[in-house]
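What follows is a structure written as structure tokens; I'll ask about it next.
Think of it as A, B and C in the order they're written, each chain with its own count starting at 1.
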Amino acid sequence: MPEPEFATPLVVLDLTGIFFFAVAGALVAVRRNLDLFAALVLGGVTGLGGGMIRDVLIGATPPAALADWRYLLVPVVAGLLTFAFHGAVGRLERVVTLFDAFGLALFCVTGALKAVEYGLGPLPAALLGMVTGIGGGMIRDVLAGSVPVIFEGVLYATPALAGALVAVLLDRADLPFAVVATGGFATCLGWRLLALVRGWRAPLPKGPANV
Amino acid sequence: MPEPEFATPLVVLDLTGIFFFAVAGALVAVRRNLDLFAALVLGGVTGLGGGMIRDVLIGATPPAALADWRYLLVPVVAGLLTFAFHGAVGRLERVVTLFDAFGLALFCVTGALKAVEYGLGPLPAALLGMVTGIGGGMIRDVLAGSVPVIFEGVLYATPALAGALVAVLLDRADLPFAVVATGGFATCLGWRLLALVRGWRAPLPKGPANV
Amino acid sequence: MPEPEFATPLVVLDLTGIFFFAVAGALVAVRRNLDLFAALVLGGVTGLGGGMIRDVLIGATPPAALADWRYLLVPVVAGLLTFAFHGAVGRLERVVTLFDAFGLALFCVTGALKAVEYGLGPLPAALLGMVTGIGGGMIRDVLAGSVPVIFEGVLYATPALAGALVAVLLDRADLPFAVVATGGFATCLGWRLLALVRGWRAPLPKGPANV
């Protein structure tokens, strides 16, 4: 399999996903009244952090995001636009959430397949696909001083893990790349959108916790 | 020295340590009323995070935990059990703390020896042994939104550093593996249990801080 | 270019920068009434964390700080001194801030040049120079339970990025090392000191955020 990050049509998809992740990240900075630098860092970390964790863990250093200037430029542009026009961007949040789901579905698949390419087994590869999708947002939330939002019932990681697992299994069945990618992508996106529309939540602990 | 992680008797010990670390991690999630996914992540991070930091720093990628499915399965099982039966598990906390001390003593030794194997000097190797033991819990606390508990007087890191240092020094003296491992393990476990029983605490700053 | 970290004059500068970073880090621990271990960890992380992130990202493992015992000793000494004499150190905070600016200017340059040496392009190399300067302090703040101070208007990262960028560009122009280093160093230090003296701040978002 060729490096998926650098094939032209996939790069456009990839950069689009990063752009919307970065917008969501920069919005967090603005809403906590953090400065421009924070908007750029939280945007960049949200857009690129998951892939960087994956690349460091599989030994693919320097990470793809540091080897191609477009991957650095896109979150900077997203951060600047969000910082400048945060009022308008904030009102478009439903759109941002939609595109964010698209980015999640994309990253869980490309992340898992990259891990497979580096020789990881199906279970770790699926896990790293999920990490590619959710890792950036988790670092963002920690840097912004809060518990990751996906720890409090938001159904976000499970669709990413499911999409990654479907992609890995289809890939092991030696199906063509288009089938592998579409299967994983549709699984994650469908589940995530259903969760958004129907208000599905992850289970919370039952009964009082013995503190 | 062979890969200590994959020799059968050591693997059983290792997985036992990871299991109890993961139980302690998942309990933190339940007590903050976080969701099932958080219990799995905090369990996994507590059990595997320290070893992952060590492996990334010494260049042993992908980390051992991503190369053997048992290392992923154990924290998942621990997290699910803790989430489902958190009342019972919480009442057994003294048992969890005991086994956690056992895990700490084990990880500081295996972590330090792995660093030695990768060519690090005695001081950095001992430090990485300590990181293997305490790193996962520190990430867990940060993800759960609090200052690491071992920053507030809990005597936990010092025994780990001492155990790692003893193991590294005995290893340099070319003693047999059983002596090396037992010496480091007993140092850490003994100190940690004494600290628990006698209520020893790490020193806090004296006098008012000029804020 | 030889390894800049191990040439004698640069090592002394480097260790001096790490010392003052570590003092600033340990002060944070004391002011939150954290224990001695926290002072050592926050000191060590502030002094060495940025370089470690850089080294892990460019694949230079084990990081330089784990290959030379002096790099471990210096933050330990800084942490112990700060913990013991925090009253006096706290009153000298203006001096610490001055030396911290010196460390920032040094690390952004050495960090960027090391990234260039490992084959990164100008933009990622400059970014990693900035990360070398600011990364340790960011981890420190997160571990201490707060949002990084450089997210709330402190003008700290921009001078580091500027200094790193100047060094990278001068290096690409094949100028002698002394010119490259001095140019980057002076850019960062001058900007940072002006920001301190004149009270310059990074821009905050305008208008109310749609929460």
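We take it that a residue touches a chain if its C-beta (ideal position, glycine included) is under 8 Å from a C-beta of that chain, and two chains touch if they have at least 3 such contacts.
Since this is a predicted model, take the numbers as computed values, not measurements.
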For the two copies chain A and chain B, what rotation in degrees overlays their C-alpha atoms? Round to the nearest 5. 120
Same vs different contact residues, chain B with chain C, by half of numbers used: different
Per the C-alpha centroid definition, the whole-Å distance linking chain B and chain C comes out as 29
Where chain A touches two or more other chains at once, by residue number: 56, 59, 142
Contact footprint of chain A on chain B as seen in their complex: 29-39, 41, 52, 56, 59, 61-63, 66-67, 69, 72, 83, 86-87, 90-91, 93, 142-145
In the complex, chain C residues that touch chain A: 56-59, 118-121, 123-124, 127-128, 138, 142, 146-148, 150-153, 157-158, 201-205, 207-211
